[in-house]
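Look for subunit A in each of the two complexes below; its partner is subunit B in the first and subunit C in the second.
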Partner chain A sequence: MTAMKKIEENLRKEAKRLLEGGEVSVVLAYGRGYDENHPMPFAARTVEDVDSLVFNEYCTFNLARYLPKYPPKTKIAVAVKAADSRAVVQLIQEEKVRREDLVILGIPVTGMKDQKTGEVIDNKTTCNMANPVLYDILLGDEIHGFKGGSPYDVLAELEGMDHDARMAFWKKEFEKCIRCFACRKACPMCYCDPCFMDASRPRWADKSPTPDGHLMYHLTRFYHLAGRCIDCGECSRACPVDIPLYLFHKKLAKECEDMFQQAAGMKIEDKPAMVNYGNQDSDEMLK
Partner chain B sequence: MDFEPKILGIACNWCTYTGADLAGTTRLKYPQNVRTVRVMCSSRINPSFIIRAFQLGADGVLVGGCHPGDCHYGTGNLYARRKLAVTKKILEFAGMEPKRFRVEWISASEGKKYAEVVEEFTNDVKALGPQTKFKIRKD
Partner chain C sequence: MSRIGVFVCHCGLNIAKTVRVSELAEFARTLPDVVVAEDYKFMCSTPGQELIQNDIRKHNLDRVIVAACSPLMHERTFRKVIENAGLNQYLLSIVNVREQDSWVTEDEDVATTKAKALINGAVFRARLLQPLVSRFIDVNPDVMVVGGGIAGIQAALELADTGKKVYLVERSPTIGGHMAQFDKTFPTLDCSACILTPKMDAVLQSSNIELLTYCEVEEVKGFVGNFDIKIRQKARYVDHDKCNACLACTEKCPGRGVSEWDEGLVKRKAIYIPFPQAVPQKPVIDRENCTFFKKGKCRLCEKVCEQEAIDFEQKDTFREVKVGAVILATGYDLMDTKPLIQYGYGKLPGVHHALELERLFNSAGPTSGKVVMRDGKTEPQSIAILHCIGSRDKNNHEYCSRVCCMYSLKFAHLLKEKTHGDVYQLYIDMRAPGKGYEEFYNRLVEEDVKFIRGKAARVTDKTDNPDHAGKLIVEVEDTLTSQFVTIPVDMVVLSPAMKPRQDAKDMARLFNLSTDKYGFFMERHPKLAPLSTMTDGVFIAGACQSPKDIPDSVSQGTGAAAEALTIVVKDKMELEAATAIVNSAACCGCQNCVRVCPYGAPMFNYEKNVSEINEALCKGCGLCAASCPASAIITRHFTNDQVMAEMEGLMEF
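So, the complex of A and B:
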């Protein structure tokens, strides 16, 4: 707990400094929710707002989600955990935000907990990294020697199934979908305007939760995030009916890493995998 | 009655479609199960087309493009290769049999290869039987 308190203190201190000095016009971090265990994303715009900032193990939200929403050239400070920092890097790669507009407040942390279940999410629904890959100011001590297994361990069960069983699994999960688009809203990479689901010509899938549209919506969304998903797991945590979307995203992240030798959001210099091609690409990937 | 699969073929204008033409003009015999749609480049193919085809009752989807390096537009099929590779992984992980989706590079002079690929793919799909996993209309 002390590490979390220290991060909270540092967060307030840095936010105050940045806002007072006029370096940034907004600090994206976490604020109080209706109780301790339910903090919320919070945008501090004035020095008075800074006192409302909190940080505890339930602050799972990926704040990179809000970056593309701000007008270009807005100076923003954003608090990021490991996966969130990968989202920021990926957004910079995709030229949705500019590095020079950002002050990245890195939070090295492990043992974050799901607000709904209270479970630790390290390698279950998220990418199992402790330290942000990109930051200007680190709000806590860097974590060394953190090992929690591969983020892809959770896939073993599904990968072992045969095709029919897997289809049955996904059909059952997708049937729960009420098409609230919470997954889309929570995802830092879902910034398209309009989203293919909002387009009317062609209308790819029903916006209302008809069985016909389930596969089209989810599979296309998985495709759009292939090679870009940074495995923060926000989609599954946002889902009100608990569809394990992270499993599919993880699988595609794993395959893309294997095929393109590039993990999403690790280096600013990389080009996003799906708008690129490599000399090492071979027809093996189509087998 | 024998099961005759419905197969959607998506062929690139410059290579595979011309190759299919050549197969026809040289009077090669191949199964009639493939309904070919012509696109200007294999990278024109939106993966949603493929999902949509399966939803509307296609039993298989065959995509044809130029050989890598031979693309009319230089690099189109190199992007397409990555896109279609990911599409294949998605179909597979969602539970579709991987043999129902195939990507093949067929150049304009390879009429014979086109006929062979269509024959082989049709037999593969025939062996799998009707596709019901993605299908949404019961007609």
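So, the complex of A and C:
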């Protein structure tokens, strides 16, 4: 039996047990889509739903996205891969969910594939960790000795550009944007309701796709995610016009790590870096 | 339609030298809604104020813009001016054309254009200004003094004398601070303990002072007039209510710790009072060195204590104290000279630092006042005092520590008195600017002390000269004769830099103070508000602000007491009306505001999943509004609409 199949089996087993015992009222995991290669997020609420749960290398979605949507104190089991678990940790830090309301089903896995392209997802677009950082039940065997390269390797080219070239690069990329807000929709940390883009007084940016509005929307969203982005790569996979959003997020995450020695979503005890002050914090930006 | 008046101040030539002020007023007159624009030499002077008030009445103005200095200087003045002319004080907008314009450039064209842009922005914003009503709150009449050195003691006593209740918080087991370690004080050479201990005793006797020794400030909430301070009472393991200070326990104790008061020159017991005149005169147990805590048995002190005051089960306790104002007098640390290996401190036994020598002079010190080498018996025949160790030194502390010249002279005098040795002073410059200081220097010059102008380069025990064997060799360039000299001596005394307390930054963070580049607490204004800080209601006194001698520390303690009194003497105080409010419909529940607020004003309502701001705590700093990703927080007087309008006005240029 392949590792994926074993995870699927364990997922069904644990989901069944949790729902039967009434420990949780919903299990957030993956269900069948229109074919094998296109599974979808699925919320199992009854024991019967459990048969619909699947897991394979195309189950890329970050299910932490759905956690803040449930009413407070709902008992939820959530299936998480490594980056997804970091999103859960970050949400706990930000008090959007409570640890005691969650049963975290950890999925140790590598070699997930992009539904659109079929390519293996690696350190280019994600944090590329193999094991969840936080879980209650591990659905597969912990992975040892996995080396997939630094998540920041991909930044080399961008960091080599001068200011003007970088601005030109991003302007060109943003030109493609059709303002469908799929990135915002896919992002587990984009839970603001309403989003600043939906505000009308003041109206921060044009809601229709205009070049200035693109800059305002994307740059502000990047900034709002500074120190919070857990590098799951969902925004970039969700983007229908393939804007490499992960590049900007990674750059900010790297800066944040350098300045505050803290990566997003690694420890429950951490405080969100950008709204927390410590005497040892870097003063570099003031100089 | 608004009726706006624009008033441009020349500030003598401060502004008028670089900004073409009449052109600026002329420009303002062309702006829509501006009814009148004038320029005047000193807008803050009485004629200037009258000019504004007359124009308000004559032109029926409903908004006033003053282009002058920073609002920190005169916003209050002009608010009063327009209020007295019948306008709500929040219908004023200050445009800073001095600090942010005329002082930062010499180019007239650039400065004038920038001033125009700033005024244009201010006009855009002024149209949207709203009248606001100030709030009044009750003021807590009590004061907290943090730090029980001479500055803190002075402040506490002065306040207690006015009838105010004072909490004096001290982290060590006794008050007294560094002054308690000294033998004599310069330049009068009066006995330090003789002038300090009566004050310490007065603290103990005062019914208005609640003495909190062995305590630390743990958390500070609230704001001027209403601070809410959490104090940690560290476990003493001795019940001070039961203890009758018989000190039988300290006699029997087998534990040994390093005596802080004697600068580590001798050991003290594990249950101890720091020194004979300590206040309070009751012991504490030093957990680190207590045999019971280390090995699990002993409890000798418990056995001899007839009062049953020993309590090994004691834990740190916490209490909340409410006060209206706070004085910080947390003092200084002496620089550790070990890293300056060229002077050999810690390696060469003959090298002492200044506080160690103070202890040798002191009759209550480890040698009962005899100046001897570390062996405890040999009297040094020659002593070199090295000034500016770590001070006036770009590699360490650039500033002058101010007291070393004078105490080095005092040392020289006392060494002459107590030993038969030669005394050398190795100084860069002799700094004696104080009452009686220069005279003291002149007196020492006549006392056969050898002054060598030059900073010591090295202290070593290695020499080729057999006459110098066993001596310490001080190498120095005598800059008066331009000669390199080596001086063989028995004892070297280093005068190290006074530096900020190791945890000064934590303290600054607790009380929201800024620190200067060295880490000393920053005063609000170096000349005109030397005891105030940027946090209203928090004052500083003594060496926590910069190196100081006793007279200066005492004056500052008294001054800070007066400053604190200006707050707590009132029953009520006016608060800024410019506070923040949450538009709960737009709140996304991220709690950024809760985390960034230095005053603890926003609270998260878990029922409604939105933040709410307690306006009594809000100071209107705007941090929450800036960190709100959903722009759900509105800071009154700086609403999003107002700020956006101002930016629009600025960007027209």
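In this section, the second predicted complex is superposed on the first by the 283 of 287 C-alpha atoms of A that agree within 3 Å, B and C clash if a C-alpha of one lies under 4 Å from a C-alpha of the other, contacts with A are read in each partner's own complex, and residues count from 1 in each chain.
Heads up, the rule we're going with is that a residue touches a chain if its C-beta (ideal position, glycine included) is under 8 Å from a C-beta of that chain, and two chains touch if they have at least 3 such contacts.
Being a predicted model, the structure only gives us computed values, none of them experimental.
Undergrad: Taking the superposition on A as described, I'd like to know which of subunit B and subunit C A:Y277 touches: first, second, both or neither.
TA: A:Y277 sits against subunit B and subunit C alike.
Undergrad: Between subunit B and subunit C, whom does A:V50 touch in the aligned arrangement: first, second, both, or neither?
TA: In the superposition, A:V50 touches no partner, neither subunit B nor subunit C.
Undergrad: Check the residue A:D193 against both partner chains and state whether it touches subunit B (first), subunit C (second), both, or neither.
TA: After superposition on chain A, A:D193 lies in contact with subunit C alone.
Undergrad: What is the contact status of A:W204 with respect to subunit B (first) and subunit C (second): first, second, both, or neither?
TA: Both subunit B and subunit C are touched by A:W204.
Undergrad: Regarding the shared-chain residue A:E95, is it in contact with subunit B (first), subunit C (second), both, or neither?
TA: A:E95: touches subunit C, not subunit B.
Undergrad: Figure out whether A:L28 sits in contact with subunit B (first) or subunit C (second), or with both, or with neither.
TA: neither
Undergrad: By residue count, is subunit A touched more by subunit B or by subunit C?
TA: On the superposition, B touches more of the residues of subunit A.
Undergrad: Who does A:D164 touch here: subunit B (first), subunit C (second), both, or neither?
TA: first
Undergrad: For A:P72, using the defined touch cut-off, is the partner it touches subunit B, subunit C, both, or neither? Pick first, second, both or neither.
TA: Touch status of A:P72: second partner only.
Undergrad: List the residues of subunit A that touch subunit B in one complex and subunit C in the other.
TA: Residues 196, 204, 274-277, which sit in both footprints.
Undergrad: Once bound in the complex, which stretches of subunit B touch subunit A?
TA: 47-48, 51-52, 55, 68, 75, 78-79, 81-90, 92-97, 103, 105, 133-134, 136
Undergrad: Mind listing the subunit A positions that touch subunit C in their complex?
TA: Residue list for subunit A touching subunit C: 72, 94-96, 191-196, 199, 201-202, 204, 224, 271-272, 274-277, 279.
Undergrad: In the complex formed with subunit A, which residues of subunit C make contact?
TA: My answer: residues 505-506, 509, 586, 588-592, 595-596, 604, 606, 609, 627, 629-631, 640-641, 644.
Undergrad: Which residues of subunit A touch subunit B in the complex?
TA: 158, 163-171, 196, 204, 211-212, 215-216, 219-220, 222-223, 226-227, 248, 251-252, 255-256, 259-260, 273-277, 281, 283, 285-286
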